[in-house]
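The structures come next, written out as structure tokens.
Shared chain: subunit A. Partners: subunit B in the first complex, subunit C in the second.
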Partner chain A sequence: MTEMLPTAAKHRSAMSLGAIVAVFGVLSLSTVAFGSTWIPFDQIVGVILGAGEKTQRIIVLQLRLPRVVMAILAGGGMAVAGFLLQKITRNSLASPGVLGVIDGAALGVVIFLALLSNESNALVTSIAYQPVAATIGAFLAITLVFMLSGRQASSAIRLLLFGIAVAAVAKALTVIFMLIGPIYRATQAQRWLAGAVNEVNWGEIQVTAIAILPIMVLALLAARRLPPADLDETSARSVGLNLPVFRILIFALAAALTALSVAFVGAVGFIGLMAPHLARLLVGRNVYAGIIASFLLGAIFLVGADMIVRVLFAPLEVPAGTVTAIIGAPYFLFLLMGKQRNDG
Partner chain B sequence: MTVNIQFCEPILNTQSADRQFLSPHIVYAALLLALVAVVLISICVGYRIYSIDQVWRAVVAFDGSETSVVIANLRLPRAIIAPLMGAGLGIAGVLVQTLSRNRIASPDTLGINAGASLGVVIASFWFGVSSLTGLSIAAATGALAASVLVFAIASSAGGLSPLRIVLIGVTFAGLGHSLVEVVLSTNEAQLSQLLFWLSGAFVDRPIALAQTGGPIIVLGAVIAIFLALPLDALQADDSTAIGLGVPLVLVRGLSFLAVSLLTGAAVSMAGPVGFIGLVVPHIARWLVGLSHRRLIPAAALIGAIYATLADVVARFVVYPAEAPVGAITAVVGGIALLVLLKRRAA
Partner chain C sequence: MTDNSSPRIDVRALSLSYGKVEVLQSLSLPIERGKITVLAGPNGCGKSTLLRAIRRLHKPTAGGIFLEEVDISRLGDKALARQIGLLAQSPSAPEDMTVEELVRLGRYPHQSMLQPWSPDDASALESAMAGTGVSALRHRRLGSLSGGQLQRVWIAMVLAQQTNVVCLDEPVNHLDMAHQLDCLDLVRQLKNAFGRTVVLVLHDLNLAARYADHLVFLRDGAIAAAGTPEALMTEENIARVFDVEARVITDPVHNRPLCIPINTIRP
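And then the complex of A and B:
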């Protein structure tokens, strides 16, 4: 598909991608540098390469870096999930949040914690299975949304309402299972429902990274067959796109990406909606560039949101998900008011 | 505002009796009986089960024993608050569904509940309001602001479809919850208590809440019944209503006022117990038809029964712990919303 683009557009798209990478790098570094004590950029690089004094090493490696890395992975994962969902449903309002995927993942995690804990509130199995539970929950939720909506899925707004109803049920069940599960986790889970990247550790990052990166590669491979423009159902089918199996694969990838992103971080909303829109605005309709730009922009959103709560509310820990919702919800309202067709 | 003819079609035969298989009097009598039964169950059944005799003695001759303390201080308040709040939200649901000509509208799906919560949280944290009257006023103000805002957004965008209005309302509710989260996170001292309140529950409510909330709900209900006839006319479309001599602006304004009072009082008593206002009007319409003079009392009774029943169920879902009743009603309401969408009720 790249070949079909005019050179000028290709050039612009590459420039935009470069700019996004630059913003991403600077923001990530400054988030590590910023905090109760300021750590200069060169010293951060030094610490990462193995130098530096002991207190600095602890601050950077144990406190700040995990947070940033997790925000990058989770924000990026959710953004790519949103990108895939918007492409495959040909619905620019689709995102993991409104299709019930995030709340399905949350329900999966809470049921996992409730069922697999013993009397002393310790998990009887490895925490590494938590993302698996999240993925199953996410996939069941999105399957339910599409099965229930049936033919109505072709209407953008109707599909979203089915998603919102499924999400509401999943969220309520999550609250109930939180009460059944270990209490010390319930207090964590309450904050976790709002989405926060504090208190993550390297073990969780390792699990997330090992699982997310292969799925990203799969998404890039599948991207070749994603519809390049907003084709309607018939023409998409006539050029061999959007076959049921392919659709299910894309839904599965999106569900897995969402689930892995929220498994340890929690429900951070609206990134999967905003990042793909911004990506398309900046790099155009090329699918590969779109996926990469979505990932980076999603990472920028979440790292930035985490930065904002740290600047505004330190030393309190306000969940980063509140910032993405306060920015994302008005944007979604704006989209809803503007888009007048396809109501069904 | 444009009106989609498909929503008017079942409404035009308002006065016909063919939809009702029982006379309204029998329905009211049965509902009243059911309400009394459910309230009694709510007082008697829980972590411990008390006999009606014990309850009677605790109320009439309070002797300070453990049994009478539990009944008078724990069971009785929630058995009074739950039906009051349910009745309020039931009526509010009917009004909202008629005003927006939308069968999936309710105080929750339009973000009015979230506005009330936000009002309470902001008033208590930022302005230090702690009196129950103050909090009730804050809740009603928040509800009024939210409903005006959602309807203003909807109409400024030029006649949005019912589906779109609900989507706007739900998004707005999400925004409200995020703001509540910010306020709560910055005031961790009272976080745990307000978190339980925010998921909606009737447990541990002082009876004084009913003394402030009750009259407000009664006031809202009186306004609603007073508006019953104009609301019947409003079900069709604006030009029909004007042709029948209905002062549109006045009726809409008073209806908003009633919705805000009812939702605000309900939320200030028990927190946002979701989706009661969505489910109840449908049951009421099924039982007594479309005339608001019958619909409003029926919705009040059904809402009261539903909320009390949900409160009893909440005691046993995660027994011996207690689930927030809001979680129970949200599961039921979410499924009901799916069914309504599936049937293309809107």
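And then the complex of A and C:
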């Protein structure tokens, strides 16, 4: 398909976005409805609006809804981070995972859990600081990747290679911190590392939402300047985009989004890779449509993955991150093979 | 208002280094308005670096570049992009981008938060595509174009930027003979029809002599000679600047000097 009238392309893009919104809505509601007891959609809406009987209110508001809301925020946040990274590196293989940001955040959280827990496995400080630890870790990782790439920071391949290396080092350090800590902290950290949205509470959701939403707004504001980033560095700069500075801003936004997304749910992999890639296939090149579609698709992936582990493994609580990894890793290989065909 | 005889761009005692290697040494060059200035010279003479410095893509270590008497280092990114455009040596854009989407990016420096896509942008887009003959290709994806078409699309993007000064870094590399002529005729049109000041880096001396109003020979980061092609294209100059023994005759068709290389003379 080499030719497509712009009206047809716009039409298709709007249709895709509509379909994504519909899937997102139905899936989110179904996940709340589904469980040991089925709760019909109209009753869920009723409960959210303040009606319903007591047990139903507890099931929806305390058990099921927090999980879904957190999955939406975290999946969406990681996907938007991936969108920004793929756009600024001009490479569909870039993602928070590949660039070492997730493992950096993971290391931050594990060190936080190891250093600030007391003997009875309770944190000596507020859990609200966990995102701070994740953010520090994520920023250190991305800064390291950036500095190691040096003057060639504009080369996507160099960034990806250093990203993978930094991720490996962060992973190793994470294991060491888990081994030298007491066993109960290791279990706690291990659950976090696999990535799971069960056991989240409204307090954690509040912290995540308050931190993520302003960054989303910043990402949407920065999006206006994203189109020239599709060009090579010289061309982008000659149409007036200060790419070296803008690149740092985008990397910082992506690192912060990733860290806040994974701070409580844990290191869910591959969403930041798959969602933006799929978004581009579905809605095309428009950056605003791309950001919104990435967010919704990321949310769909994590909500869906959580739904799958609940259906397949109940009553065991298997982390949702295992599902995203099982689907995401082959997807990454598929992209890699497609790239090789293009290059060769 | 500056008068028309003053240079559009004035390069003043410009020095530039990559790390410790000095690439340009105290180079001064006035670039006349509404003319085609061609920079030529052997590999590594600093001609591309000079062109990129004029577009502020490299920071000088000393001296400066003045656009209408204003030091370009004092202009904002977008303000400069409205004044000087540059077509890179091997520009790249995603293959699934359409022609119109690429040319639209030329309007980026004219837009802002308060001023999104305007009728001015639309008319600049249309006239840039019409002027380069790519209007019919507007919905084609870049990956489906031939090399010659693609080069015209990139020129359209620079044209849509509506800058008074247009810099092109070896625009005819990798093009066949017909497309080389097409491309340079188009560049000449930028000057004739749109009154743009053009700065061009060219490798092919005969093409340079044919299209240049003003020719500059660089060697070892300094200007070896500058003037009209007729004055500059002498056998002595070619031997001195390019280390090539050549015969220079007058092109019987265009009345421009034509260089026939004989053999290299390395000291």
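In this section, the second predicted complex is superposed on the first by the 306 of 344 C-alpha atoms of A that agree within 3 Å, B and C clash if a C-alpha of one lies under 4 Å from a C-alpha of the other, contacts with A are read in each partner's own complex, and residues count from 1 in each chain.
FYI, a residue touches a chain if its C-beta (ideal position, glycine included) is under 8 Å from a C-beta of that chain, and two chains touch if they have at least 3 such contacts.
Remember, predicted model here, so these are calculated numbers, not experimental data.
Of the two partner chains, subunit B is the only one that A:318 touches; subunit C does not reach it. Counting the residues of subunit A that each partner touches, subunit B and subunit C differ, and the larger count belongs to B.
In the superposition on chain A, contact of A:171 is made with subunit B only, not with subunit C. In the superposition on chain A, A:11 makes contact with neither subunit B nor subunit C. Once the two complexes are laid over each other on the shared chain, residue contacts for A:160 go to subunit B alone; subunit C is not touched.
For subunit A in complex with subunit C, the residues that touch the partner chain are 2-6, 90, 224, 227-228, 230-232, 234-235, 237-242, 285.
Taken in their complex, subunit B has these residues touching subunit A: 104, 153, 156-157, 160-161, 163-164, 166-168, 170-172, 174-175, 177-179, 181-182, 185-186, 188, 195, 199, 274-275, 317-318, 321, 323-324, 326-328, 330-331, 333-335, 337-338, 341-342, 344. Considering their complex, residues 148-149, 152, 157-158, 160-162, 164-166, 168-169, 171-173, 175-176, 179-180, 190, 194, 269, 313, 316-319, 321-322, 325-326, 329-330, 332-333, 336-338, 343-344 of subunit A touch subunit B. Subunit C meets subunit A in the complex at residues 52, 55, 57, 77-78, 80-82, 84-94, 96-98, 100-101, 105-106, 108-109, 113, 139-141, 143-144, 157-158, 161.
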